[in-house]
Every structure is written in structure tokens, then in C-alpha cells.
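Two complexes, one shared chain (chain A), two partners (chain B, chain C).
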Partner chain A sequence: MSGRIAVLVFPGTNSEDETVRLLRDCGGDAELVHWSEAQHLAEYDAFVLSGGFAYEDRVRAGAIAAHDRMMDHVVAAAAKGKPVFGICNGAQILLEAGLVPGTGPTRKPTAAFTKNAPEPHFVCRHVHLKLAVEPSRSAITAALPPGTLVPAWAAHVEGRLAATQEHLDEIVAGDHLAFVYAHPDGRVDAAAIPNGSALGCAGLVNRAGNVLAIMPHPERDGWNFNHLERREGNDALAPSGGASIFRSFVQAVA
Partner chain B sequence: MRRGVAISLKIPDNTAYTALVALRRLDVAVEHIERSDIYFFDDGGDVEMLKQRIESDERIFNPNKHRLAILDSEKPGPGELWIEPLCHPERFDYAQHRLHRRVTGWRLYDAKNRPVGHSVLAVAAERLLCNPAIDRPIMEDRAG
Partner chain C sequence: MVSSGLSGTSNVALRDDELQRIVEHLGREPSKVELHAFDAQWSEHCSYKSSRHHLKRLPTSGGRVVLGPGEDAGILHLGVHDGERYAIVVAHESHNHPSQVVPFEGAATGIGGIVRDVLCMGAEVVGVADPLRFGTVDDLDSHQASVALGVVDGIGAYGNAIGVPNIAGDVYFDCGFDENALVNVVALGVVKENDIIHSYVPKGADGWSIVLVGKATDPSGFGGASFSSLTLNAEDAELNKGAVQVPDPFLKNVLMRASYRVFALLRGLKITAAFKDLGAGGIMGCSAEITAQGGYGAEIDLDRVNVAVDGMTPEVVAVGETQERLLWVLPPEIVPEVLRIYNEVFTLPEVAYNARATVIGHVTERRRYVMRHRGAVVMDVHSEFLTGGIRDELPYTEVIHHGVAREELPAVDVERLFPQILAHRDVCSREPLYRRYDGVVRGATVLVRGRADAGVLAPIPGSRLGVALAVAGNPRYGRIDPGYAAEHAVLEAMRRVVAVGAKPIGLTDCLNFGNPRKPDQYGEFVAAVEGLARAGTALDLPFASGNVSFYNETPSGSAIPPSPIVACVGAVEDVVKIVSPGFRAPGSALLWIGSRELVVGGSVLAELLGVEGSLPKLSFSAERAAVAIVHDALARGVLRSCRAIRDGGMLTAVARLAFDAMLSGRTIGAEIDFGNPLCEAGGFVCEVSDESGIDLTGALRIGETTDRSELVVNAVRFEIAKLFDIWSRPLAELYP
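Coming up: the complex of A and B.
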């Protein structure tokens, strides 16, 4: 059994149920924690921020949630080395909170997942995330093989990594670029990037390696019933599906 | 010439209210906030035509919930903070009225309903309203 995992629910979060379910199917002890229960977050060992539209993305995607009381606990826990994993809107919140790439002070973002380019339109596309760092770079990816491909769905309007050139250089130099978009055969080129993301970025990790933010949704390709190559046994985890990163996260919490 | 068109809600602005609550939680001394989307178009020498075209097209204006004001300056006034994206993926025109620029305009008031000063605007931008990775804050010149 793993340590206790809190899946945070802000007003407007919408992917929490499948996130909890996949964590549990991967052996995690995961529970939902709503914004009105922030005081309980100190009892947890790890945190997952799932997808949705926290606070309706008012001001900017993730901006209001980044200053929510729940994030006070998450920021403190991250500083103590507890694992924090953000997916899609959860990733946007982690960038707005300055936890990833973490190259500046907390709550002072140095990058953003912002409007897609060249067209600022919603993208819904099956993608592959390729692990671009040594697995041991992050506790959350430590159980993945080098160069792992994680299938997932990109489903966002604001998923393009943007930062000043100075901060993009810091992201590269500091080995913060955890995942890049890739083709199913592992090739990495511009055609694999669904949203114009700088550096082909699909995910970022902080300096200490305990906070990971990814834009696409692996939980939407976790079981046979939602895996592209559907098999018998709908409720079983798809062997080549997105559960691999959840398993690795759960191991980090164990 | 370039003409600013401010479109704001005449129904309650939940985004402005949420920003107000968040800023107060962040210890920014603000009592009331107004927000508008500000577009700068070529007016084609006929600002009334520009206004009519925007009002009759529902891409950025819905008569049931928006009000439209023509600005007489391309700079923010007292108590105003404009947030401008560093890149502009959105491009659209109304006939010959080309869109040049788009900003989000915030107007902040203190407890006495006066526009807040430069220092409060700067703090509001830094703590919430501007992400410097993708935006730049624009305020009234201190001397102005």
C-alpha cells in the first residue's frame, strides 16, 4: 500500500474521478479532497492536481487556483519533498504557483502553459509523451524505463509552453524538460507537437524532482475501454496505456 | 487612426469578482474591480462604422450582456492596469478595420472608491494579474 494521496478538487475541476480510479487501480491509496477541506491536506503524503477548469480559468488558466488555500498546503508539502503531480489544468496551476519549473520564487511564475499556436483553438488529439530526462531525475518517473512513451490525450486550449528565452534556456540547462511530444514510434519532431509548445514540451519537473506537471491526460488512455488499441476486458488496465506513469507515481509515494 | 474599443460586461462580472477576492487574500488594498477587453482597430476614418460593425457581429460583443465604449487614448488612465499578451495568436478584422492590439483592462478602486495608485497596481500585477512569462503590465506614466 502506498502513502496517502490527495487528489485535489477545486471549483471547476472535472477529471478527478478517473484520476482517483486510475491511482487506485495502480495500487495507490487515493482520495478526493475538496477545496472546503483544505485543512486536511496536511494528513497526506502526496498530491495530484487533475484536469478541468479550476475557478473557470478566470484571470488565466490556473492563476486563481494557484493562490487557493489548498495550494498553501501543496507548496509547503513540495518544499518538504512530497511528490506533487499535475495533469492539464493541474499542470497550469503548478506553473502559476511557480512550483515548476521552479526557477524563480514560489508564487512567481517564470513560464506558462498558454494559448495554443498557431491557432488559439481547442486541441483534442491522441499524443505520446516521451520521457526526456533520466528516469531518476524525478521520483515520479523513477520507475519508468529510459525514453518511455506514455500515450495520452491532449485536450486543451492553453497547453503551449511559453517563457522568455532566458527562462527557456534555464529550463533546458536545469534539466526541467521532463517530457516532450513524440510520434508513436518515438521520433521527436515538430509534427508531433499538437499546440506549438516551446521545446516541444509536454511536461516539466522542478529542480528537486518531486513536482511534475504534464499537459496531456494519461488517465484518458488508462484502461482497455479508453485505450486506442482496445482489447477484451474493458476494466483492465491497458498494458501499453497511460497507467505506466501513474504506477511510477504510486511507487514514488510508497 | 487606431481606436480603442473597450468591451465590458453589464451583467455581474464573475471574473472581476474572483480577482477581487484573490487580490484581497493576497493583501492587496483594493475594494472594487472593473474589467474590460480592449481592442485597438483601425477606425478607417469612421469610428461610428467601426462601432456598428462590432455591435452587429457577435464575435466579441453580445448586446444582451456587453457594453461598448470608444476610448480616446491608447494609454491606461488612473487606477488602470492593462495586461498585454507578449504574443498575439488571435487575429481578426472587421472589414477594413484591422485589429492591431488587444489588452485586458483592469480598473481598481480603493475603499473610498478612488482609483488606486501606481504602487497598488504594481503589486496587483505582480501577485496575480500578470504572468511575466506571457504578459506585460502597462500602467499610467507616473508623471502623467
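Coming up: the complex of A and C.
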């Protein structure tokens, strides 16, 4: 009996359909919940915030959405230990809401995903996320092998982790650095980072491990047809590649 | 009584004879609203008055065509999934003039407009492409460079925000576009053939509600249609900026999703409605056409239009081209639910200032198009006269085929020239440009832009069906011979789709030319249409939709190189069977399949050598045979990789196959032995595991793949990594 997963749609979200589809293909009971239906969020057991440009990325990506009514439910659910998973714009919203790394008060962010560097442009690039914590550190990564690589697409203007040195130290010391950018062979260096992100950060987790925020999109590399050269089996429609982290999330919800 | 507006003719593009016709028809002088309405409807942009009769020569039916040109987009049958027939909706347009004046906004609204054209057919929008032609950008501080940068950022900002991947496109840099950049845009959508929504009201629509949806009407984009039908003049630059619309991709994102919800509502209730994009001519143009084409008239109350500012004159509200608006014609009983979806579920009024869905009028049996403003009738004309027949039979000079005497091929120093070719602005990697575009949103991308000759999507959730898209149109060819250039554009777009393993099913065209009132420039257009018609007919490839952009000339009278730009749509039965990028294995035979006439005309090589020559000769039967060979090799499982030969010649195609292998982590090189490997004659380079079954009358063995990281060409050695470096860098200066 698996729990019900809500995929949140803010005005400006643009990746909700493929996110729901991959969750379902990985065995999840997922559906879209729209910003004007926020009251229904109380009925769900887990939450996914998908990619896009919620509220047009005004002020800073995620800053306005972090104050949307839907986030009241997410903040409350996160405090109860329910799984919350943010991807790209969803990750930006979780940082702006202060849920990850979660080292400060709610809605007082201690770190942000902000303008890429050195070039402050949108970048669309295939990347690999490398699991940089013990899998059991987060319920959402618990079913992944240690050090696993998750293929994904970086596609953002504001994906560079920025924080004061003190808060960066906190992230490291508190074991919040869940994922770093890596080459396909697992090597980690500056060339693997598409956006100048501090600590090579591609993903952060909160203290309790139930809230995970990642910048790149595994759902855009989540089926065999997205990567025919690396396909597993001959069914174009089978989930593979980036689907690994979705499977792990679905297990955390079950 | 409608009062005269003739004192306001100074800022309209209508000619005196056209004005005279209007006065005669109405039996009175037109009002100001009517004057601007005719100005928009009878502009070249809306009426195709000097192109339509020529465009009739294009093949537009048969084969996979579900809906040919005539509505906002064309439709091609893709395949059957789960017992349902699915189709691809395709539209192709230019946004040249606005992009030249205000590059970012002009290009962004180009994407915005083409996406609405596809959306309003009841389709989900699944991909876009952007054929671009820029001026010389050697000086990064030049206006040309700022146009090239602004356009790309505008296209990216819009497409990325609405969540539609950019999967194909091309770009050329040529001094012929220094003062008239070309920004063409293509959009693809997916629809079940039973769920197509038309851009005209169905039978029995008398009394139906006319519902305007989207952004609050503002004074932006007033006079856009007639502005696009004039030659750009530097002194008018500031004035023209007001004719460019303001993009709002954030609102569009919500508008698209809300419209998808309305589609589902109408499907569920089996209601046939009409839906149309507001483009040229604004509320007037859209509501007049959507009703007139169904044989009806309309009454519009301008006071019911949601506006952004008070006090706008009725003509601005009526014909202004504010972006992000669409128009429904619906049976009245369903209107409350449609308004609820847009205004309450998707909260349009909260998403953008005073955005909403609102009833602005109704359909009338009487075929008059009537507009009221503050109780007074400000427009009352016969619908047909407004939207129907206007035609300009303009004189043109026939283009003489430039028969260059068969030139002797210069001895080609491959060692010196090949690196120069790879670094050439029209050959080098486009990645610095398209990495600013989201190519993978929607999670349906099978082949991203740049990794193969065409982009490929698996656009239907749960289905193995794929769609491929590629564009082509070489301005160097256009300059030599517009008719041949048009044929080559069709062939190249088709070859690119074939090279990924798709079956070409249809074309679209955007014809970018100079001034139709100059017989020589008009003659170039006519020659190009004839070329497109010859190629489409000979290859059984119909044109599903298209667009014409005239007046791409400077005040000094110089026009752009004739630019017929073509997009080709391909169908894939099971995406798992497409041709993956790059060499697969050492020891494969490399074949050149298809035409290989060794002339240099229009090639990058000719430019580097400073020589002139004829264009490669065309044989459509040989082209068809070449496509059959590629498809057959793919079906028999012997085709390992494939590239179409285009700018930069055969050796560039070979190098790209080696680069793609390298990017996939495979070290595979090639040894090539062939007279002039830099010719751009056309055809395909194919890597095959077994050549025994291939009809060698249409193929030539040019070499084989190796397990070394080098290309050896007629005994000259190149290191692949070095070539890759040379090829990948040049555009990074312009697009850091």
C-alpha cells in the first residue's frame, strides 16, 4: 500500500506532467495538485515540487513561491517527517522556504540557488549527480547504492549554490551536501560543475533527511528513449537512468 | 451612421487604390476603426495579396496531410497508438521585422505567436525550432552582434519558461543580413485526429458567444501587421518599436495549461467549438476571420474587452496586437465553465494584470462584421469584403538560371583547408547558442539538438511513436539561384530527417524575400516557389503550412539573399529504432550514398578559395533512390550511423560522426580516400556493418572506420580531439 504523492503546480511550473508520469512509471501513486486546490494537500503523504519558473522567478527563483499557500502544507508536512522532494525550481523553492538545508528558521533561507557563474545565462547540459552522503542519510536516497551516479539534465539560470562561508561550513558539517556534480566516470572536479555552484553542490538534504532538493532534472533522462545509447533492455518506454532516484523516492513513500 | 476617419490616414499603409475600393464598397468614407481594420486585413502580412496565387503551385494535399494550409497551422498524420489516430500540428512563421528592431522581444514574441498557432488547433505544444539568419558578427560590439545575441536570448527566455523544448534549428552569418536579420520559428504539437479544433465557427453557431482569453489589451503592437509589410527605415526605428509586442511567457505558460483543461472539457462533452490565435489585426482580425470563414458575421462590444489602461481609442483596442491572447467561439451554455477554468482554476487575473477570459460579443447569421464602442457603431462592414479577396498581380522579372561554365576543380589542400572549414562560422558547433535553450523539458526528447541531423521526440506519453524535425535553407545557395536554393532546402531538410532514421512525411516553408513591388526581387520569390513546388511534387512531400515574409530590404534598396527556408517533419514508428549519433564500431565500411556531383558553387570551400561555381545539379530520382538505400540499410540492421552531407562537405559529415562517437565515449576514427572530400554535393555518409546487400549503383565506398582517434584523409592525418577543439570554439565568443 503506497502513500499518495502530490506533485505541486505553481503558476509558472513547467515540468509537472513528466514528473507525475515518471513517478507513476516507478510505481508511485502520484497526481497533480494545482495552486487553486491547495486545500487538498492535507490528503497527501508525500510531496514533489517540479521544475519551471514559479511566479516568473521574480525577486529570485523560488522566493515568491516559498510564500504560496501550498507551501504552508508542505512546511507542516515536512515537520511531520513526510518525504518532500524538490527538483530544479522545486529545489529553489525548498531553499527559499528554509526547508533545506534547514539550518535556519522556516522561510529565512541560509543558502540559495542563484544566478549561474561565471556566465549568468540559462544552461542546458547533461550532467551526473553523485550521491555524496550515505544512502541512509535521507529516506529519499535510501534505496540508492553508495556513491551512485544519477544521470540528469541541468537546465536553469539560477542553479549556483551561494551562502556565506559560515553557512557553507554548516552544510558540510551537518552532512547536508547530498549530491555533487560528477563526470560520467564518477570523477568530481570543476569541469563537471555546469553553473559555478559552491561545493560543487547539485543537491541538499535537511537534517532529518526527509526533505531533498536537487537542481538537475533526472525525469528528463528517466526513460530508455531519453538515452537510447545507455538503454536497459529494448523497450523504449521502460524507466531507466534518472528513474533510479524516483524509484528510491517512491520506496520512501511506500 | 459610422463617422469618417479618413483624416487619420497618415499612419496606415493602405495604398490610394485600396482606399478607393473601400470607399466604393462602403458607399461612404470608412471610420477610423474601419480604416485601421482594412489596413491590417489587407496588409501583405494578413492577406498574402502578392503571394497567394503563386503559393497555389505548392503541393499541399495527399499523403499524410490531415489539414493543409489555410488555418493557423497544418496537420500531418503521425501514426496510430492504442487504436487512436495521432497527428502532428506544425506551423512555421517569421518574426523578422520585430526582431531587427527589438531583438529580444521580437524573437520572444515570435515563439509566443507560433506556439499559439499550434495550440489553437487543439494540440499540446511539444517542440519548437528556430532557423536564424544573422549579419556579420566579427565585431562583438556591433549592432549585428547585439541582434544575434538578443534574438537567441529572447527565444530561450520564452521557450524555456513555457516549457517547450527547442529541438532543431540552424543559423547562418552573412553580410546580406546585416540590416535584416531573419528570425523564423517552427512549432510542433500533438493532437488526436478526432480532437482537432478548427479556426472557424461550425454550422449552427448563430448566437454563439465570442470569448476573448488572455492578457489585458494594451497599446503595444498597434500597427504590427502593416509594419511587417513595409521596408525598415532607420529614422522610423523609434516609432516602429511601438509596433512590437511585449512578451509574457509566464502568462502564456498558465494560458496553455488552462487551455489544455478546456480542451478536455470540450472533448468530454463532445462539443465542437472554434479557437484561434490573436495575431495580426488583433481582436478584429481574429474575430472577423473565425466567424467569416464559417459563413457568419459577428457583433463585438469593445467596451467588454479587458484592458490594461483606460482611455485607449477604439481602433487601438480593435486592431492592436497585444500578445498572449486567444479567441474562443463557444455555445453559450458552456461559457460559464470555460470562464471558471481560466479565471478561477487557473486564476488568470492574479497571474497578470487584468488578464482573464471574457465574453466580448456573439456570432450573427447576418454576414456583417460590427463593432460597438460606447454604444456607437464604429465599424459595420461585410465580413467577406473585410477578410476575403484581395490580390495584387505584380509584375516580376524571371530569374535566369545562372549557368556558370563547368569549372575546373582547384587542387584542394585538405590539410590546410579542412581545419578552416570546421572553424567556419557556418560550420562550427552551434552548442554555445542552443545550450541557452531548454532542449529537454517535457521529458520526451529522444535526440537533442546538435547530436544528430534532426531532433527527435517521443511526443505521446506511453507511445513508441516518434517525430523528427529538421530545417534547412542555405543563403549562399539563395544568392546564386533562388529556385535551385529552394529545391536544395527541401532536399537538405528531408535528408536530415532521413539521417536519423525517420520517414519524411511533410514540409513547411517560410519564404523570406525583399520587396515584391520590385520586379527583380519579386522574381526571386516566384522562382523559389517554383523550386519548392518542383521538389515537393517530385519527392511526394506536401507542404502542410507556410508563411511569406516580404520587404526584407533596406531603405537603400538592397534585399537579403533570397531565403526560402524549409522544415521537414519525419515519422518514426518505434523510437528505439532510430539511428543513434556517431560511429558505432571500427572496421565498418563508409559509403557515400546519393548525389556527389563535384562542383563547389555555394560551398564553404568556394568561399574560402574565393571561387565561384554552379550549384550541385539535382536529380530527384537519385535522391529518392538514396533515401530508399538508407531506409533499407536501417531496416536490415546494417546501418550503424549516418549523417547528411551539407555545409562543410562530406569530410565535415565524417568528422561529426567521429565527434559524436567521442562524446559517447567511443574512440573510433576513419580512413577516407576520395578526390575532393570538401564538396557539398549532398547525399549521406553511412557507416554500414555489411555492404553486400546495398545497391552500389547509388553508393560509393569512400573508406572505413578504425579504432584510432584520428581521421586519415588521402594520407593526411588529423587528430579527432584537435579537430573537435577547432570546431567547438568559434561561437563561444559570441555566446559565452
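We adopt the following convention: the second predicted complex is superposed on the first by the 241 of 254 C-alpha atoms of A that agree within 3 Å, B and C clash if a C-alpha of one lies under 4 Å from a C-alpha of the other, contacts with A are read in each partner's own complex, and residues count from 1 in each chain.
In this text, a contact is a pair of C-beta atoms (placed from the backbone, for glycine too) under 8 Å apart; a residue touches a chain by one contact, two chains touch by 3 or more.
None of the values given here were measured: they were computed from a predicted structure.
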Superposed partners chain B and chain C on chain A - clash or fit: fit
Greater chain A contact set [chain C / chain B]: C
Partner chain in contact with A:His34 - chain B first, chain C second, else both or neither: second
Chain B versus chain C as contact partner of A:Pro109, first or second or both or neither: first
Chain B versus chain C as contact partner of A:Glu56, first or second or both or neither: both
Inter-centroid angle chain B-chain A-chain C after superposition on A [Cα, multiple of 10°]: 70
Which superposed partner A:Ser15 touches (first chain B, second chain C, both, neither): second
Which of chain B and chain C A:Pro184 touches, first, second, both or neither: second
Which superposed partner A:Ala142 touches (first chain B, second chain C, both, neither): neither
First, second, both or neither for A:Glu119, with chain B first and chain C second: both
Least Cα gap, in Å, left between chain B and chain C after the two complexes are fitted on chain A: 6
Common ground on chain A, meaning residues reached by chain C in one complex and by chain B in the other: 55-56, 119
Complex contacts: residues of chain C adjacent to chain A: 153, 156-157, 160-163, 250, 253-254, 257, 344-347, 350-351, 434-446, 458, 461-462, 464, 466, 574-576, 578, 580-581, 664-665, 736
For the chain A and chain B complex, residues of the former touching the latter: 55-56, 58-60, 63-64, 67, 96, 107-112, 114-120, 162-164, 167
Residue ranges of chain A touching chain C (in the complex, touch as defined): 9, 11-15, 17-19, 21-22, 34-36, 51-53, 55-56, 119, 121-125, 153, 155, 184, 217, 219-226, 228-229, 231, 234-237
Complex contacts: residues of chain B adjacent to chain A: 14-15, 18-19, 22, 25-26, 86-87, 89-90, 126-129, 131-134
